[in-house]
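In the two assemblies presented below, chain A is common to both, partnered first by chain B and then by chain C.
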Partner chain A sequence: MSSEEIKIHYTKKELPSGFSRLGFILLIIGLILVVLSFITDYNRATQNSVIIFTFLTSISIGSLFLVALEYIAGAVWSVPFRRISEIISFIIFLIPIFALPALLNLHGVFHWSHQEAVANDKLLQVKAPYLNETFFIIRNIAIFLIWWLFYKFLTGNSRKQDSTYDQKLTTTNIKLSAAFMPIFGISLTIIAIDWLMSLEPHWFSTIFGVYYFAGTILSALACLTLMVLYLNEKGLLVKGLTKDHYYSLGALMFAFINFWAYIAFSQFMLIWYANLPEETFWFITRWQGGWSYLSYGLIFIHFVIPYAILLPQPAKMDPLRLKIAAVIILLAHFYDLYWLSMPSFSKDVVLFSWYEIAFPILAVGLFITIFSIKSKKINLVPIGDPKMKRALEFKL
Partner chain B sequence: MSEKKLYSVTALFNTPDEISKAAEVITNEGYKNFDVNTPYPVHGLSSKMKLKPSTLGYFALALGLSGATIALLFMYWTMSIDYPMIIGGKPFFALPAFIPVTFEVTVLLASVGTVLVMLFLFFKLPNNSHPLHDTEYMKKVSNDKFGISIEAKDPKFNLEQIKELFASLGAEKIEEIYYDEEEINHKNKIFEPKFIAFLFVVAIVVAGGTYFTLNKLLYMSPFNFMLDQHRVDPQAKETIFQDGFGMRPPVEGTVARGFMPYLYQEDPEKAGMLLSNPLMATEENLKLGQNKYNTFCSPCHGYFGKGDSRLNGQFPNPPSLQSEKLIQWQDGRIYHVIQVGQNIMPSYAKQLTEKEKWAIVLYIRALQRALNAKEEDLK
Partner chain C sequence: MSVDYTREISVIEGSPSFAAVNELIARPLDEKPDKKYYFALAITLSMLGIGAICLGATFWFGTGVWGLNNPVGWAFDIVNFVFWVGIGHAGTLISAILFLFRQRWRTGIARFAEGMTIFAVMTAGLFPLIHTGRPWLDGYLLPYPNQHHLWVNFTSPLLWDVFAVSTYFTVSFVFWYIGLMPDFASLRDRAKSRIKKIIYSIFSLGWRHSHRHWHHYEMIYLILAGFATPLVLSVHTIVSFDFAVSILPGWHTTIFPPYFVAGAVFSGFAMVQNVLIFIRKIFNMEHIITMDTLEKMNKIMLVTGSMVGYAYGMEFFIAWYGGNPIEFFVFLNRAFGDYAWSYWVMVSCNLLFPQLFWFKKIRTNIKAMFVIGVLVNVGMWFERFVIIVTTLSRDFLPSSWGFFTPTIFDLGILVGSFGLFFTLLLLFTKTLPVVSIAEVKAVLDHAQPKHHHGD
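The block that comes next holds the complex of A and B.
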């Protein structure tokens, strides 16, 4: 095929200025609040940085996963959306900043990092070959380096195609994606174990990595859906995107809502049924006092409500309902991460005040700012992709 | 032979584009009772035909919800009400344990039910015939042609007009379809003896095959490898133990749940001295005592413990429980008689629980006080 045959009609337009302004304002407010929280309560601010770190990791590496998935599955419908996921996954470069507070203050977050605690604890001694400060830092740095490399090559090739229309780049990316998949699975599990499960170093759950994976893909999809709907409404994407394209986004979100519930329930039920004290205590903490309301809330916000919204077939094509569901899912993922980590820091009292909101504001501001800066230079649609023309003709 | 009755006029086209065009034109002309037959799903056809969204989804929803309700109520009734059983130390109504089953039944009922609803409501089972069956038209559209068929019952139906319309759309072949004779006489092929016999054979093969697989095949080698386990079977002989019994008796001194070993079997005086009634003289306890006393003791000792047995001399008359001796006895001493028995009075240890025995003692005390009321008791 020559480049003429796959060319589509796309004119690059600027994002509305209100969008980047909103991002900038949120970024400033968030920054001020975050600095204030670090000054007033150093440990709590660090603990909150863990939540937002895992949240941004979800969205960014999840988006890169969606890109890779499209390549190896040979998906056609999602080609017009791929560039948006690519831009979102740029955040991989920035998440180490959010890991920094915890790395500088390991003692304030990770119980296993205390030498004296390990000395009196048989279990922690057994886990010490994995859970020790040096190895923790080394493997996390290694993971980020690997992720950066994949980001660089995957999205770099895709962007190069915009001008060269070289089909070989697609082939290269398919190979890269295939290599990325197992690495993604392992590295995401390590992140989940290191940053969420090891907050309670005595606890273990073999399904935990999958649990975090479910939330990761779900929030990456929700983020993508939200951006696609917003940009398409403003006319910034290509012509020809129809309900059929939306439907696939909605259906995927719906599927992963179920997947998350399935995994979350499996984890709970096995531990509940086996009733082994070394596993149940983690749930008991979350099932007592104020935390119990949060646990019930999680069932609703992460499963029942978005499930009910997306259940009817027309809902999966209706921009308004899709947007509502996507926003709820993003909130739910944050809620989920808060529920996973906070009870480990404060067993009896539910902690929630402006400390917990500071980082999310910063994250949203950062997300919008990054998106507006990145999209200035890059096309919002992979115009050089050989599947692009077919993608626009996609019918359910 | 009666005159043939027209069912529809059909037309065959060569490409999906042509059929889409034809469907659009015919919809716009205002025809209602027509259908399009294609060898594979053609995108965008249903919107061109202005089909309403299918109602099948609502059936699926209703069936799924009823599946969930039925499963939950069934487990609630069996496991918590009719035959409560403690499993794994969980409460009788153990919701998390019920959820997988609820999920399965929901999916099962929704999927199987939806297919059945589709067959009965939309395909009009048990009617399994259709005028288009076994026609040249059907053969073509399930191979490589795209067909459209306008039924004679359409209010706008006009044979010549439609034929012209088809021709103007570039139809390859236009054909009239007539009802089969059987269809006019409303004979349902499904009730033909041949078909019923066929169903019968299928049922027998399926049932017999299932029975054979589950009850015979699985016990034949090599499918029975799971039965070959290195374990001790109940009631079986077992050589690894000296006495040759596979089942082991409980360790000596084992105490069953809910039972207390009785330490004063041989020593009534000590029981009298060391045991005391753990129950308070509440109304509830006295009621319990009265109930159990009237059941187990009154036939011999009488309702008031006066020794006025209702056995009419068939059994040596038991002593009164109102005697000075008994009034002087400690609670524990009376308890001992219930627990161990005394001479020809049997033990009631097996019939009564710990609490009930003490409740009887309490009640005997009340009886004694009632028949020997003092001045102060009247107040």
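The block that comes next holds the complex of A and C.
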């Protein structure tokens, strides 16, 4: 197969300057707010950094998962979008920065890191071999390193293909993706347990890793959809993308909305029904005072509303409705992470003010800035991928 | 070895003509069964007979003939129920979920897998009915206003099972039948004997292959697939609730719903793969049920098997992490107690052996994949045994601990369930087209709009 038969028509264009400007402004505002929040309330800022850390982890490693999934499943329709996921997953390099505040201030976030708390608590003593500062830091660093390596090789091979048109690189990436899958499953579970479940160190739930996984994939898909729609409208992708491609993105989001709801319901239902105090206290905290409104709100923002928007078949092909759904899903995932972590820090009062918005503004600014910088050098479409031509001919 | 990613893999190999597809799939229905068929039928009927005798004894003497005892009140009956319901799940996954995901490779195997779903659910449905001990009173499982003011317990997942399984069976059956209609019409049009013609005419419900018929067909097929998808997930979710809503250590764990669904798909695929290996050989359908299809099924087994393995690991980890000594004891007891052998059968068959499917050589080797498929089913049967029996045999009071040993009646009914399933399957292969004639035609290379001549 010569490279001539793979080649497609693609001219690289610059992103609109307004896009990168917006990112830069948000980045600066966010940075100022974050610094202010650290100065005024150190612990609360650290707690917020946990939420944004888990959020950016979702989007970045979730995007790398989508890349690997395409290779391993041999998917064709998603090939024109793969490069966008690859660029988003670059954030893997930056998430340790957001883990840093918590790592430097473990006591402000993790109850189990207090020696005196462990000394008086039998349950925490049992968990100490897993929940201790040294092991926590070691395993998290190890996970970042492994993720970096997979990012490097997977996206590196894909980019190399842009100029070499070498099909062997696809084969290599399929093998890499296969190796990535089990590692991804285990490492994401560890992240979920360490950063979200252990905030309430007495609580446990076997499904928790799957719950975080559902949110991860859903938000990565929403992020991808949003970027695809934006870039395609600006004419920065290739010709030949049709409603059928959009439909596939919409259908996949719809499937994962249901998957998240299924997992969330399973977790709640079983704990509610068995009614064991060792498990129910976690939900009771979230079902008292102001938190109860947030709990009901979660059902709507994370399931009912996006479900209703994406249920009709035409909605999955309509750019406007897809965009609305994607934005709601991204908000919902942040909402979910806030709901998972904040009640552990403030059991009685719902805390929400500019502190909680500082990090998200910074994250959006950073995301846009990273995307515009990266897209200057890199093609937005994997033009050398052997499946590209088939992808553009894709019909439902 | 290099693969050319610019070309699509054909769903059906060799591009046979439409007429050839008709002939090939309809041939088993025209020919008289051969000796081998009667021999196979004799075996499955004997197994069914053994089951019937054991079941008769159970009805006559009561469930006391089973190995159940005081702490272990659920054993083979519920294990078999969960096992057979699980087997059914692959069919719906292939026919409905893979259809919604537009996986065209499902075409060659969907009909057969769906048939297996129906037979597996029928087999499974027997067990809760006989498990009640007085099956003649099972009618009370259905809630209806009656003079005795007897009502079912709506808060029990065991009752939800009744609703879930019966709804699932109904929808699967309708889905299967709708898919069969165009094929009945094709069979009617080519039937030579008058009786056959009449039978096929009745079942084809006046299908004439008209454009309007196809239009309606496509719509209802999509809608039913949309219905069947949440239904199939709900069935095994509710089966998992049978255990997980309780507070027994080893049963109450939140990962049960997705873990049971993954396990069900896993064992179902193993069974479908096992049977299809024979079907494609006996009926000369190696170009319709291709090696590529089998390889994809093996990949799904690898994925779902690893999910099940993840759940084993997670359960064990959280049993320790949760800090509840009784919970952790139950898991240690599973791995090292009286039933340790069954635990390790489960782990090796479900987690370790399927890992061999990482290698393409094994994924595409008929003998190897068959053996692994059998092992998976053994492992998945033992998984349910481990979950149910190890937990029950260790009561909260050590003075009430017990040990379950199956009796000949338990084993006989298990054998009988396989007999029933395979008897129905054998009858199916000789009465209905095992592959969808209409759907296969639609995925032939030369039926594709982008097909270029001379490729």
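Methods note: the second predicted complex is superposed on the first by the 396 of 396 C-alpha atoms of A that agree within 3 Å, B and C clash if a C-alpha of one lies under 4 Å from a C-alpha of the other, contacts with A are read in each partner's own complex, and residues count from 1 in each chain.
Definition applied: a residue touches a chain if its C-beta (ideal position, glycine included) is under 8 Å from a C-beta of that chain, and two chains touch if they have at least 3 such contacts.
The shown structure was predicted, so the numbers you read here are calculated from the model rather than taken from an experiment.
*Asks:* Could you tell me whether chain B and chain C fit or clash when both sit on chain A in the superposition?
*Replies:* clash
*Asks:* Counting residues of chain A in contact, which comes out ahead: chain B or chain C?
*Replies:* Here the partner covering more residues of chain A is C.
*Asks:* First (chain B), second (chain C), both or neither: which does A:Thr172 touch?
*Replies:* Once the two structures are laid over each other on A, A:Thr172 reaches no partner at all.
*Asks:* Would you check which partner chain A:Val126 touches, where first means chain B only, second means chain C only, and both and neither mean what they say?
*Replies:* After superposing on A, A:Val126 lies in contact with chain C but is clear of chain B.
*Asks:* Touching A:Leu396 in the superposition: chain B (first), chain C (second), both, neither?
*Replies:* both
*Asks:* Thinking of the overlay built on chain A, is A:Val210 touched by chain B (first), by chain C (second), by both, or by neither?
*Replies:* second
*Asks:* Once chain A of both complexes is superposed, is A:Pro312 in touch with chain B (first), chain C (second), both, or neither?
*Replies:* first
*Asks:* Considering only the touch criterion stated at the top, classify A:Leu276 as touching first (chain B), second (chain C), both, or neither.
*Replies:* second
*Asks:* For the superposed three-chain arrangement, which chain B stretch in 45-53, 153-161, 171-179 or 225-233 runs into chain C?
*Replies:* Among 45-53, 153-161, 171-179 or 225-233, the clash with chain C belongs to 225-233.
*Asks:* Common interface residues of chain A with chain B and chain C?
*Replies:* The overlap between the chain B and chain C interfaces on chain A comprises residues 269, 273, 275, 395-396.
*Asks:* Flag every residue of chain A that touches chain C in the complex, lowest number first.
*Replies:* Residues 1, 5-6, 76, 122-123, 126-127, 130, 167-168, 170-171, 178, 182, 185-186, 189, 193, 202, 204-210, 251, 258, 262-263, 266-267, 269-271, 273-276, 278, 385-387, 389-390, 393, 395-396 of chain A touch chain C in their complex.
*Asks:* For chain A, which residues are in contact with chain B within the complex?
*Replies:* 265, 268-269, 272-273, 275, 311-314, 395-396
*Asks:* Show which residues of chain B lie in contact with chain A when the two form their complex.
*Replies:* 43-44, 53, 57, 61, 88-90, 96-97, 99-100
*Asks:* What does chain C use to touch chain A in their complex?
*Replies:* Of all residues in chain C, those touching chain A are 2-6, 8, 100, 102, 230, 233, 237, 241, 244-247, 252-258, 306, 310-311, 314-315, 318, 320-324, 358, 449-450.
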